[in-house]
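Please find one structure pasted underneath; my questions will follow.
Just so it is clear, A, B and C label the chains in written order, and each chain counts residues from 1 on its own.
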Amino acid sequence: MNPLLKEIRHNPLLWLLAFVPVLFAAEKLKPESPTLLFVLSVLAIVPLAALLSHATESVAAKTGDAVGGLLNATLGNLTELVIALTALSAGQYMLVKASIAGAIVTNTLFVLGASFLLGGLKYHVQEFNRVSARVQAVLLFLATIALLIPSAISQADSATATAFAQKLSVGLSILLIVAYGLSMLFSLKTHRELFASAESGEEGEAPWPIALALATLAGVTVLVALVSEVFVESVQKAAEAFGMTPAFVGFIVVALVGGAAEMGSAFSGARKNRLDLSVGIALGSASQIALFVAPVLVLLSYVIGPAPMSLQFWPGAVVMILIATMTTALVTNSGRSAWFVGVLLLMVYLIFAMTLYLLPPRVQ
Amino acid sequence: MNPLLKEIRHNPLLWLLAFVPVLFAAEKLKPESPTLLFVLSVLAIVPLAALLSHATESVAAKTGDAVGGLLNATLGNLTELVIALTALSAGQYMLVKASIAGAIVTNTLFVLGASFLLGGLKYHVQEFNRVSARVQAVLLFLATIALLIPSAISQADSATATAFAQKLSVGLSILLIVAYGLSMLFSLKTHRELFASAESGEEGEAPWPIALALATLAGVTVLVALVSEVFVESVQKAAEAFGMTPAFVGFIVVALVGGAAEMGSAFSGARKNRLDLSVGIALGSASQIALFVAPVLVLLSYVIGPAPMSLQFWPGAVVMILIATMTTALVTNSGRSAWFVGVLLLMVYLIFAMTLYLLPPRVQ
Amino acid sequence: MNPLLKEIRHNPLLWLLAFVPVLFAAEKLKPESPTLLFVLSVLAIVPLAALLSHATESVAAKTGDAVGGLLNATLGNLTELVIALTALSAGQYMLVKASIAGAIVTNTLFVLGASFLLGGLKYHVQEFNRVSARVQAVLLFLATIALLIPSAISQADSATATAFAQKLSVGLSILLIVAYGLSMLFSLKTHRELFASAESGEEGEAPWPIALALATLAGVTVLVALVSEVFVESVQKAAEAFGMTPAFVGFIVVALVGGAAEMGSAFSGARKNRLDLSVGIALGSASQIALFVAPVLVLLSYVIGPAPMSLQFWPGAVVMILIATMTTALVTNSGRSAWFVGVLLLMVYLIFAMTLYLLPPRVQ
C-alpha cells in the first residue's frame, strides 16, 4: 500500500488536507470573501506543513547522516520560509518581519513553555541535558543578538538613515549566513555529540521510499506556495475583519500556523519525558530563523521583492525577541523544569499576544 | 504575662511604638509642620510593621501549613500594601508606582546585598541551595518581565495612548493574579520541597495565642492605615523641605520603611549562615510585589482611586527594575557568595539612590 | 648581557620599536601628513605597550605578592590610560569615551572570542575554572552596570541636563574607585584563591633587575605619552582620510592598539589549554577599565581637561557594552568552550565594528 495514503489514514491531522481543494475552489467561486479564504488557507497550511516535515525527514534518513542533518536543519522551517517568500514578493515587509520575530518568540516561549507544562503535568520534575541545552541557548542568544544589533543601535541613535540600514543589513546577512554554515559544521560534524538527536522525532515509523519522499517534497512545496499566496492576499483584510493588527497576525498567527508540525513533535517529546528533544526543536528552530531564514529573505528581497528589505525591526519586536531569548537562556540553564516554569513562559507569551492585539495598528 | 507586652519589653525596636501617640498628638497640635509629621510617621510605621509581621506569623502557625503559608505570603507585604492603598485613594499615583518599583529593587539589591555583606564579614564563603535559589530567581525574573512588558513596549513605540495602556493594564493584572494563585499552588503544594522554609524566621519564639494574634493583626492594620494617611499627606511637602524628589521618597524611603521588619529576619539569617532564609525573603517578597501587590492596586484603583491607574512605569524605573532582577538572577545562580558580592549589590543600589536623589523632579 | 637588549633580540614584536624614532623624525619633517603620522604612531605604540607590560610584571615580581598584584592590576592598562589622558587634555572627550567603551567590548568579545577560537582549533572542548570565571563575570557585570546607570537612566528620561550628569558622574566616580579598592582587597587579600593567577603570564622568563624595570617603566611611559600625543593629534584627520568615523577609531583602533600586549598573553594561554589565564586577562582587564580607568579620567578632567567630562555615553555604546557583558556572563557560565563559541563572539564583535564603520559620523 502507498505509504503516503497509509500515513494519511492513520494521522487525523492530515485529514485537514481536504481543505486544500476546498480553498482553491473557494478562491475561484468567492474571491471577494477574504475572511473565508483566510480561515481556509490556515486550515490548509497545517497539514501541508506536517507532510513537508515528514518528507524532509524521509529524504534526510536516506541521504546519510551529515547531508541528512543539513537537509533537515535547512528545510525544517521550509513552511515559514515559503510563506515569508510569498509575502516578500508581495512587498508586505511588515508581515515578513513580524513573522521572523514571531517565529523566534513562538519557539522560545510558546513551544518551550507548553512542552514544560505538558511534561510537568505528568512528571514531578523533569531533567534534561544541561550541557547541550546551554550550548544551544548560547548559540541562540548570540544569533538573535547579531540579528538585532542594527535595530538596537540605530534606533537608539535615531540616526535611521535608510541607506545606512540597507548597507548594514546586507553586510550582516552575509555574516549571518557564514555563521550558519559554520554552525552546521559545528553541530553536524565537529561537535555533534553536544546536540540532542532532535531528528529522531517519530522513531518507529519507517521512512518513505526516496522517490515518494522527493516527489512529496516537491509537490507539497508548490502547494504551500499556492496556499500561501491566498493566505498573504487575504490576511490583511481578514485581520481587519477580526479586529487584529497586522503585527498580531504576523507575530502570532503565521508563527503558530507555520510551526504546527514541529510543535507536535516537541509536545509529544515532553509527554514521553524526553525534554531534550523538545528543547532541541524549540531552540534549534529559533536559531535557524535568526541565522538562516532572516538573512536569506534580506538577500532575496533584492531579487524578488519590489524594494530592498532591511533588518530594521520595530522597537517592540526588538524588546520581545530579547526578552524571549534571555528568558530561554535563564530557564534552560538549570537543566530542570516543572509545570510552573511552563506556566510562566506561557504567561509571558500571552502578555505579548495581548499587547500586540490591543496595540493601535500604526506600528511601523 | 501578656505575650504582646513581653515581646515589647524584649524587643527595643518596638519601643518606637511610643511615636504612634506622639504622631497623633502632633497631627492635632501642629498640622502645619509636614517635616515633623513625616519624620514621626516614619518612626511610627517601623515598629507597627514589626508587630504586623509577628502577628501574621502567629496566625499562620496556628492555621496549619497550607493556609498558614498562604496567609504568610499574602500578608507578608501588608505594610507596603496599606501605605500604597492610602496613596492610591489620595490619587498620588506617582508615589504608588515608585513604591512598587522601589520595593522590588530594595528587596533584590539592598536586602540581598546587605545579607551577603553581613554574612560574608563573618563567614569566608557562604553557600546556599542553588536549586531553590534558581527556581525563585526564574520566577522573579518572569514576574517582573510580565509587569514591565507594557511599559517596555509602549514606551519603545511612543504610542502611549492612554486608553491602550489602561486596557492592557487591566488584562495584565488579571493574568498576574492568576499566575500568583498558581505560584502559591506550586510553592505551597506541588513543589514545596524546592522552597526554603522562609517562614520559620524567629524559631524558638512561641507564637502568640490566636485571639491575641488576630486582634493585633486587626488593630495594628488600622493604626498603620491611620499613620500612612499622615505619612502620605506630609511626604510631598517634607520631601521638598529635605530637597528630595517624590521618586526618591517612593523608591527609597517608602520601601525601606515598609520592609524594615522582613529585613531584620533576612539579616539575622545571614549572620547565622542561613543564607537560604535571606535569599527566600528577598526574592519571595519581590515576586509577591510584582505578581500580587501591583495588580491588586491597579484593579482597586477602579474602586477607590479618583481615576484608573495603569501599569505604565516611567522609563528610569523600568531600567532599574530590569537591572535589579537580572543582577539577582546572575548572583544567585552560583549558589555561593562572599562579602564583595554584597558590596557590589549595595553599590548598584547606592547608585540608583544617588541618581534618584539628584534627578531633576520633573520625571513623569 | 643587558636583559632589555636580550628581550628585544628574541621578541620580533619589539623590532617595531624602530618606528618610535621614525615617528619623531616624521613629525618634524612632515607635520602636514596626518595619515602617515597616524600609521607610524600605531606601529610605535604596540611594542612600547609590550615593553610596559613586561616592566610592570618585573616590578611586581620583585615587590612581593600583595603589592605586586596591586601594581600589576593597576598598571595593566597603563597604555590605555596614557592614550586616554592625552586625548583628555586635548579635550577630545568623544575619543576618550569611545576608547573606554571600546576597551570593555574588545576585551570581552574580541580577546575572549579569539582565545576560544584559537584554543578550540587545537582542543576539542576546553574547560576552565567555573567558579573563578563566574565570580569574575559577576564583578564585571556589576562594574559595567554601575558605569552605565547614569547613561541608561538619564537618556531614558531625556532629562539630560548637563549639570545633573556632571554631579552624578563625580559622585559615581568616587563610588567606583572605592569599589575598585575593595575589589583589590577581595581579589588580592581575602579571596585570592578564587582568582586565576593571571600574573604568571610568561613563566620561565626571568624578571628583569628592579632598577632596569623601574627605569624602563618610567622611560617607556614618557615615550608612550609622546607617541600618544602624535596619535591623538593625527587620528581625527587620518580617520577622515580612511573614511572612518571617530567612534570607530576610538572603539576599535585605540582598543586594539592599546591592548596588544595583553592579547598576546591571552592567546598564548589559550593555545596552551590554559583558558583560565585567557579568561582572567579578558575579564580582569575589562573590570579594571570600568572600575578604575573610567572614574580616574572623569576626576582628572577637572584638573587637566579644558572642561569637566561626564560618564554620559552615547546610546549605541551603552547597548554594545551591555550586550558584551551579558554575553560574557552567559558564555563563561558553563566553564566549557569550543571553537564555535569563539566564532560567535567574534561575529558579534565584527558586527559592532561594521555598524560603527558604516554609522553616519554625527553620533554625539
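Rule of thumb we're sticking to: contacts are C-beta pairs under 8 Å (C-beta built on N, C-alpha and C of every residue); 3 or more make two chains touch, one makes a residue touch a chain.
Fair warning: this is a prediction, and the values are worked out from it, not measured in the lab.
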item	value
Equivalent-chain rotation between chain C and chain A, CA atoms, steps of 5 degrees	120
Proportion of interface numbers common to chain A and chain B (over half same, under half different)	different
Centroid spacing, where centroids are CA-atom means, of chain A and chain B in whole angstrom	41
Sites on chain B at which at least two other chains make contact	326, 333
Interfacial residue positions of chain B with respect to chain A in the complex	131, 134-135, 137-139, 141-143, 145-146, 149-150, 152-154, 156-157, 159, 161, 164, 167-168, 171-172, 175, 179, 182-183, 185-186, 190-191, 194, 326, 329, 333
Complex interface listing, chain B residues touching chain C	124-125, 314-316, 318-320, 323, 326-327, 330-331, 333-334, 336, 338-341, 343-345, 347-348, 350-352, 354-355, 358-360, 362-363
